[in-house]
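Structures for review follow.
Here subunit A shows up in two complexes: once beside subunit B, once beside subunit C.
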Partner chain A sequence: MIADGAEDEEKWLAAGAAAFKQNAYYMQRAIDSNNLKDALKYSAQMLSELRTSKLSPHKYYDLYMRAFDELRKLEIFFMEETRRGCSVIELYELVQHAGNILPRLYLLCTAGSVYIKTKEAPAKEILKDLVEMCRGIQHPLRGLFLRSYLAQISRDKLPDIGSEYEGDADTVNDAVEFVLLNFTEMNKLWVRMQHQGPAREKERREKERSELRDLVGKNLHVLSQLEGVDLDMYRDTVLPRVLEQIVNCRDEIAQYYLMDCIIQVFPDEYHLQTLDVLLGACPQLQPSVDIMTVLSRLMERLSSYAALNAEVLPYFLQVEAFSKLNNAIGKVIEAQEDMPILSAVTLYSSLLKFTLHVHPDRLDYADQVLGSCIKQLSGKGKIDDIRATKELVTLLSAPLEKYNDVVTALKLTNYPLVMEFLDNETKRIMATVIIRSIMKNKTIITTAEKVEALLELIKGLINDLDEPQGLEVDEDDFEEEQNSVARLIHMLYNDDSEEMFKIISVLKNHFLTGGPKRLKFTVPPLVVSALKLIRRLPVEGDNPFGKEASVSATKIFQFLNQIIEALPNAPSPDLAFRLYLQCAEAANKCDEEPIAYEFFTQAYILYEEEISDSKAQVTALQLIIGTLQRMRVFGVENRDTLTHKATGYSAKLLKKPDQCRAVYACSHLFWLEDHDTIQDGERVLLCLKRALKIANSAQQMSGTARGSTGSVTLFIEMLNKYLYFYEKGIPQITVESVESLIQLVKNEESLTSEPSAESFFASTLRFMELKKEKGGAIGDRYEEIKL
Partner chain B sequence: MPSRRRTLLKVIILGDSGVGKTSLMNQYVNKKFSNQYKATIGADFLTKEVQFEDRLFTLQIWDTAGQERFQSLGVAFYRGADCCVLVYDVNSMKSFDNLNNWREEFLIQASPSDPENFPFVLIGNKVDVDGGNSRVVSEKKAKAWCASKGNIPYFETSAKEGTNVEEAFQCIAKNALKSGEEEELYLPDTIDVGTSNQQRSTGCEC
Partner chain C sequence: MNYLLGAFKPACNISVTFTDGKNRKQVPIKKDNGQTVMNPLFQSQETIAGKVCIEPYQGKKVEHNGVKVELLGQIEMYFDRGNFYDFTSLVRELDVPGEIYERKTYPFEFPSVEMPYETYNGVNVRLRYVLKVTVTRGYAGSIVEYQDFVVRNYAPLPPINNSIKMEVGIEDCLHIEFEYNKSKYHLKDVILGKIYFLLVRIKIKNMDLEIRRRESTGAGANTHVETETLAKFELMDGAPVRGESIPVRLFLTPYDLTPTHKNINNKFSVKYYLNLVLVDEEDRRYFKQQEITLYRLKEETSS
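Our next item is the complex of A and B:
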């Protein structure tokens, strides 16, 4: 039976429409032949179809619209009849002869419409009569449509201000009374529907009620369109009466819908001036009413009203819109004990958006909202509703989006407290949002105090949080997050060295206590930041004001040492090693010998104790040799110690070719072209000879192990080193030693079997030729070499 | 059957929420304008008598809710429309982009007998706003759209200042009249021999 419902309904509608059309046809014919009696008879029969109880609101509306169109023709006919001399009063009586009440009332409304138009009686009398007569229909569906017909035909005949129906006796008050009465009656019918029929059909009934809602709401639309409903009239009559009806009906559907209607159909200006009354009704509504949506929409409307009309802003302040809304929300949440946390958060989110738009200069308002929000959340622990969490992120993002400047958000003292309610994952998401906002807007954070506040906000990314068991953070996500923190460090900057040092010190304190696993991401940019600061420091003794600078290079180097020190514990020894060398170079530039030496020592210790992989050793040693070569700050003793160690490391590498290469690279440590005191040809030669010896033994080893050649390449590399120093004119590097090395390579059998070595050698020879051709002092030296 | 001289023309105004449908109707019918935004609920109409080629017509202008949640009973009132007016706000691209939806929705729901040639009129409203500086939909773009939909007449109006409103509705009335949407022809399938109607219909005026 229920399954066939829709199909049956189609049949009923089709049957109703057919009977309807037939009667409409005869009605039209009667009209065409000016036969009033028949016109009334057939129209009444036609309207009888509206007496059905078998149609759903949608289908009934279909039939109603047909009737509506036909009745317009009848109305025109009535009008013509009165012009032909038929008394409208008689007509008004005549239509009441219809046998059934529903057709009778439709006809009465139609005749009433003509009656008002003829102005033979005051509009208000007729309207009053009609709205009272309509009480005759108490069936909700039929009653609602009948009254909506009355609303529609009276729409342009209300004694509104400026209307032709306004008169001494007829005022806009009568118009308002009429519409309010009709509204009240309709709402009663509508609400009563909820309580009719069996309980199991509740869902269907609610769907039907929902479909019918606009018939009721339409009355509010009519009121809003009345010229005479000015602010006073609205405040003193319309709003209190409508709200009274809404509150007293105690019906969830009606309350939710009609509150929304009021907000949407009446102008913002009115809402602003009657906020007390409107908001005062909210806590009186049924606890199940979705007041959150209603209030959110109100705030949305008011925000865009303020956004579009800057001149109304003073009124917002004058009526204290913000505090009224804030209070109302508090009261509503209090009144609705079971309100889900999501609704509460959404309400505050809307309020925050409202105040950010309307009062962008009132940060205290925004902070108040956050404070109220905290009050609601506290005692409830972390939020576990995903949607509520999302809404909280929206709420927290709003100030960032509004001001495009995290510095402003940092002034909101309640902001970090709200963040406390987020679970760890969301905290991190929120932190990333904050960082993204900073990067996007290129916001520079300039004081240590603000940096401290910022770090508090993003501490989800700075500190290890107590993760519940089994909830490991994804490796890639973690890396991504930490990289964003690393980028952030470069946005924390102040031209003033002292403040800048404070900033990096704050960072240091947080990073060092935040757990070891993020250090490898955060320490390098912090080192870079500190090194940059060193470079900016005035040269010592260059301080014209004689002011004792509180930030000295020494102090920063100390700082650097402390942060890099943390790295070996955070299993990143290779990274610490590199950073030490970098710092050593910086100390070199600052002419700080003991500090540079200290950094080198640290790097050496790491090399010895932590770097065990042979490939990593090769790379590390190259870095040591390269850095050491560039150092100018060391005195003889320190330098000797360091170079001695470096050559020692070189000879101890695992593979012979690596040893050879490292040792010959060490030769550079003894001959610095631009440095008179470091030009020790003997030791250069010593290095080269030692390297050559290693190359020889490498060759012998490869001779036994068949197939692994490559030592010839080593000899060619050696030749190139020899040439380099020979060209520099180091006396210990003789032309003979070069020649014998060339001969050695030429005699090497494997040379022809190794195309890469062969072309390397050819290039080397060609290079020598070129040098010769170029002539000059260098050319002359090359000239001496006999090939 | 005599073809009755049609005197009632039904016009439906459609468009996004806030483009000024109600304001256009109020300006045309009552010569009034209010700057306040008031949402429309359901469907509402006003009538206006218009003179055209020495004949008097009643223009029944249906204003509709742009917000879907205020259209709970559906659109049965589309039926029998003689012209459909599509309105957008020249300062809102979204309201222009949605015109296609409104047009298609109307053709589906009203199902006119000849959808290809059903008369539409396009109105770009709010040309007065900010002296035209905040305008985002150009006249050219709007006209191109009209051309692509079978040369829909186009008007740029300001309901606030009354600019072009009268002209637009003149055109709307003219097109409604030409629409050729005849009322459903109905012939009763059962003929009651005994009734007086029967007698009248044998002696009909055709």
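Our next item is the complex of A and C:
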């Protein structure tokens, strides 16, 4: 059926075009022989083809364009006729003798055009007559095309300011009046199309209508091009009239298109000055009009206008552009009851973008937008429309992008409230966005208050939300998110230690209530942050102001203790263990012996109770030894206890090589280079000997158990330790012991079979050679070793 | 009569010329046979003067019982063709009985002739003015020659010329109000007006304005009415909606109109009507007819 319809249409068009061509030919012939009468006759016949009702707008346009071309020729002919002495007034009458109205009016417009050009009558009179006469065509399609022909030919003949057709005073009024009238009539016809024909063809009709819309919109374009349409004219005449027509036509398609047209066609400056009028019309539009897009575009335009012309900003304030827009949006949403949330949110999003662009300094505006948004959303619960959610995210991201500074966003009191409308998933995304913004801009957040607000915003990342079970967040994502939170912690910083302490306290409070899963990500940076703070604290008793500092290292250490304690609850003893050690070291620097001891104790307890994996134990032990070695703060007693424990642990490791290595590492605990009290050569030797023993038995064990000789590497390592202490000049480490160890390694038959061990040994020897060559006191000591 | 004359050789050639014949305006008149000829134009109260020239054919003499010229105003009804009713008849005797041997010219004059009616060529009736020259002869039959002329009478601008305004309609279907700027139009006038749609419940396809001529002849039971549509002028294309107002501008020039004639000598009347026709999509016609008066206004042109 449809195919047939299209085919028929083709046929009709072809037939119409053929008849058209024929008459055009005769018309041309009449023109060539200067026969006015025949020219009129054939042109009227030719134009009769436009009377068809069978063509769709698209095809009709085809025909119309042909007519347009032909009428151009006719117009030139008319012009020549008047030069030859034919009275243009008579000509104007003559064309009206045609019996059929459509050809008559096309001819009338053409003759009218000539009439204006001869200036025998004021342009305004002729235009007025033409636009009135065109009322005779009430058929929408034909009327639209006729009137668009009228608009076309009159375009360069409007009595505009500066135009050669400009008449007496107030002549622009006439030009405007004419265009407005034509516009109004065209719009009426266009709207009428909607209501003609059967309902089942509604869709097709709407498509056809949208094909025709530019014919109507063209008038607005013409208006905008008029020199004489200045702001006053626009405000007092053009806009009210156009809006009146738009509102009154009560047609969805027309209202949407024309509103958009106004916004696009007229200068921004005009929009700015007539905002209340323009916006006032919005709530009066049909509920189904996509006002959201219209207003968004308006705001977009205004903001780019403001962006490009900084000098117009005062006007924005003067006309209270923002509050007008805000009010208008509120009214529109009220007026359109079943407007989807998406649209409402988009509107606010646009408004926010607008105010951010235009009034970046008016944070209260942005906050107002958010407030209004909340008002609209309240009572609707969480948003479940995906697109609306997305839009809300855009809305929330806007201030961040604009200010590049989350601190500003934190001042928006309504900001977190808006976030409440997001579902948990999106909240998390939003939080990530916020954090990313902070990281990108390296924003430092300096007060506890702001930190508190920020944490409120990114709650989604910090707290376990009451998420329905089973909806597990992807592990990787989770990690990613938490890592970003960790990074964020470093951006919270204040030079003032008091404030800084407040900040970390706030963080602690939030993190500790945020569920155990997150702790392993959040605690370490917090600890580091706290430790940094400690380092900055003035040394006690060295307070130049003599007042009691409210933040003491002790306090912070207590604080640290609390947060690390939280960690073992989470399955991350390893982490807690390391942190304890780190804290202990910090305490060491602060000369806080009891505290350091306490931390060590905690670390030891963890080691004993929680770290059971042998590999982990090895690492942990190395850490203990390393840390302990550097501790200066301990008294002899405490130190003894701790080192004793450490060596004890070392000997209890599972694997012999591990044991060996741990034990010889322990040797360092007894010899501190620059520390007179901790230089116990005896015990160093003891450790080393013990390690050697273990190495021996390790080798034997592997020999018996695997049938091969064990690694010689351990011995080479031992040798290196010996050399180290020998070099330090510990009397207990003798040349002999070193020499015998070298001998031992050399005798080891497995040495050659292991390339790595062999090269290790070779480089050790080379090292010794090097030392010898260097000479000096150390060189002398090496000189004594005989290879 | 011609065939009677044809039996004999015409004895003479009679011609009539008007005094100002060269300068007088000529207007076309459609003759019975469909040909158009140009005839001089007069109006009432004009003096009709000229010369009658009688020229016997070579070597012949015309013997007569007198020569006269008559000015006749005649009405001819087509159902009674050939039978003329003279409403005006003036006679001038040109010659006493005698003989004409050679070309002889007789001046004549009808001063200030009352010619109240206009020349009219209708469907069923004709009104004509003619100069009839009769060379009366006894036995051979008189020689008669006719010379038509046209009379047009000009009316002054009517002192009262109200517009025609009316609201018409079909209940709950169509209500319109139309207005024509005058009720009396001269023949070169232009009808201006507007059609205002008060209620439209039918799907109108187009709207035309027709000019119709109603010619009634005879009287009483024999009255014969003939209506012609002289103009069909499309006013509107497409279906209007309530509140639309459609302009009317119809130039009368292109149409072949005459003034309204009211009861001409009790023989006939010619009336004109404006007929507003609305056609709906099922081609049903809705119309309203309004009489207008046409009159002839003195033209300013000199020729």
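In this text, the second predicted complex is superposed on the first by the 679 of 787 C-alpha atoms of A that agree within 3 Å, B and C clash if a C-alpha of one lies under 4 Å from a C-alpha of the other, contacts with A are read in each partner's own complex, and residues count from 1 in each chain.
Criterion: contacts are C-beta pairs under 8 Å (C-beta built on N, C-alpha and C of every residue); 3 or more make two chains touch, one makes a residue touch a chain.
Everything numeric here is computed off the predicted structure, so don't read it as measured data.
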- prompt: Thinking of the overlay built on chain A, is A:F266 touched by subunit B (first), by subunit C (second), by both, or by neither?
  reply: first
Subunit B versus subunit C as contact partner of A:E252, first or second or both or neither: neither
Subunit A: partner with more touched residues, subunit B or subunit C: B
- request: Return first, second, both or neither, reflecting whether A:D214 touches subunit B, subunit C, both chains, or no partner chain.
  value: first
- prompt: Where does A:R155 make contact in the superposed view: on subunit B (first), on subunit C (second), on both, or on neither?
  reply: first
- request: Report for A:E758: first if it touches subunit B alone, second if subunit C alone, otherwise both or neither.
  value: neither
Query: Once the shared chain is lined up, is A:L102 touching subunit B (first), subunit C (second), both, or neither of them?
result: second
- request: Determine where on subunit A the residues touched by subunit B overlap those touched by subunit C, and list them.
  value: none
Message: Under the stated contact criterion, what part of subunit A meets subunit C in this complex?
response: 51, 93, 96-97, 99-102, 104, 132-133, 135-140, 142-143, 188, 192, 196
Query: Residues of subunit A touching subunit B in their complex?
result: 21-22, 24-26, 28-29, 32-33, 38, 57-58, 61-62, 64-66, 69, 72-73, 76, 152, 155-156, 162, 210-215, 217-218, 220-222, 224-225, 227, 260-261, 264-269
- request: In the complex, go through subunit C and note every residue touching subunit A.
  value: 204, 206, 231-241, 244-247, 249, 251, 253-254
- request: Using the touch definition up top, name the residues of subunit B that touch subunit A in the complex.
  value: 2, 4, 7-8, 22, 26, 32, 34, 36-42, 44-47, 58, 60, 65, 67, 69-74, 76-77, 79-80, 184, 186-188, 190, 196-197, 200-201
